[in-house]
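Chain naming follows the written order as A, B, C, D, E, F and G, and within any one chain the residues start at number 1.
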Amino acid sequence: MVKRPFDLLNEAIGREVLVQLKNGMQIRGTLLAFDAHMNLTLDGAEEIEGVETKRKLGKILIRGDTVIFVSPSL
Amino acid sequence: MVKRPFDLLNEAIGREVLVQLKNGMQIRGTLLAFDAHMNLTLDGAEEIEGVETKRKLGKILIRGDTVIFVSPSL
Amino acid sequence: MVKRPFDLLNEAIGREVLVQLKNGMQIRGTLLAFDAHMNLTLDGAEEIEGVETKRKLGKILIRGDTVIFVSPSL
Amino acid sequence: MVKRPFDLLNEAIGREVLVQLKNGMQIRGTLLAFDAHMNLTLDGAEEIEGVETKRKLGKILIRGDTVIFVSPSL
Amino acid sequence: MVKRPFDLLNEAIGREVLVQLKNGMQIRGTLLAFDAHMNLTLDGAEEIEGVETKRKLGKILIRGDTVIFVSPSL
Amino acid sequence: MVKRPFDLLNEAIGREVLVQLKNGMQIRGTLLAFDAHMNLTLDGAEEIEGVETKRKLGKILIRGDTVIFVSPSL
Amino acid sequence: MVKRPFDLLNEAIGREVLVQLKNGMQIRGTLLAFDAHMNLTLDGAEEIEGVETKRKLGKILIRGDTVIFVSPSL
């Protein structure tokens, strides 16, 4: 059960997440790590547009202050 | 009774809320958790436009600094 | 008499206020609570445009860093 | 004489000031109070455009981080 | 000689400076005071456009976080 | 293995990285150093557009708060 | 050798640097001083556009939070 907002990220380690960024980009990938600033490391990251892959990015570090929301895949 | 602004979030745990974001997006879902930065976890979240569902998001963590307001459903 | 800027909010508790937001939205409602970050809880909140009500919002928590100004109703 | 920037606000208490905001709005009114974040309370505030009054606002609390400059009336 | 960036402001006290602001405005005036946040007080301030005076502002307090650069007049 | 988000930068020292910036620019170069604010020093940096080099920049210091993401080359 | 990002600025003292700003401006000049906020003092500063000088600025203090990157001249 989620008690604090970041618990959702703890539960999502090793799973696929969707990250919506403030500049409108959407990134999908496997969550490897996060910290208290919401900095995120993803593996197998892809920039997506709707259901299409726009760009393969591999491992990336996303800066937390660019994030709007993070959602583990349905 | 509300004494401090965040009391409203305390009262809204487990209830449906509308979250207006700075990029113009509106998210509706059940409030699971929040913290002092206004980071929010919602369950059954949906991006909405007016009264229509635009995208189903499931569980999401919304970054607090992207929030304009949070309103428990009427 | 107002000695510190936030005294105006203290005096406005329980009264109607107009809140101008950075994204251009204007919210009117009864001030229930505020804190040092200018987070505000309003009751009976409405998004307004000029003198017209655009959307009824009920109780809302407005994030302080989205506020331009707060004005108790004339 | 002004030694620190905020001395200008001290001298302006009770006098009319012009406040230029980051969203392009200009507010004129009598300075009642300020704090270290440049939060300002004005009395008899008016939104102005050039030399014309656009909207009467009465007493308002302006959030400091929306201010570009404050100028006591010439 | 300049050892720290703010030494330039120290040397410029009582002299004319050009201040470029983030919203595109340029202000010219005599530097009266500054602080560690780069808040600036100018005397005889004028908003300029190229070499023309657009608006006379008199004494003003400019909020530091709106500044791009400050340059003592050549 | 990555445990904390910044571990990815540690592993990338001496390797080529792609840096996506908030203003839309993309910089590619060899990561020389980084700090806790995500300030980055690159060697042989180039501004790129798609797969083309737009501008050679040599050694650069990128300010961390302008970064969206950093990705070691695939 | 560069160990920390700011070492690049240390090495660049007294040399010509290119500073890319968030508002799109580019400034070239001799680096006189910097601090931990990336505030920079330049001598003989010029606003440039491509390879052309647009405006001579002389000595300037650039506010660190407006910087995208700093690059010592090639």
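Observations on the structure shown:
One rule holds for everything that comes next: contacts are C-beta pairs under 8 Å (C-beta built on N, C-alpha and C of every residue); 3 or more make two chains touch, one makes a residue touch a chain.
Please read these numbers as outputs of a predicted model, since none were measured by experiment.
Counted as hops between touching chains, the shortest connection from subunit C to subunit G is 3.
The geometric centre of subunit A is 19 Å away from that of subunit B, both derived from CA atoms.
Computed centre separation for the pair subunit D/subunit F is 42 angstrom, with centres defined by C-alpha atoms. Multi-chain contact residues, meaning those touching two or more other chains, occur in subunit B at positions 65. Listed in ring order from subunit A, with subunit F immediately after it, the chains are A, F, G, E, D, C, B.
For subunit E in complex with subunit G, the touching residues are 2-9, 18, 22, 24, 38, 64-65, 67-74. Here subunit A touches subunit F in the complex through residues 21, 23, 25, 27, 32-35, 39-41, 43, 45, 56-63, 65-66, going by the rule given at the top.
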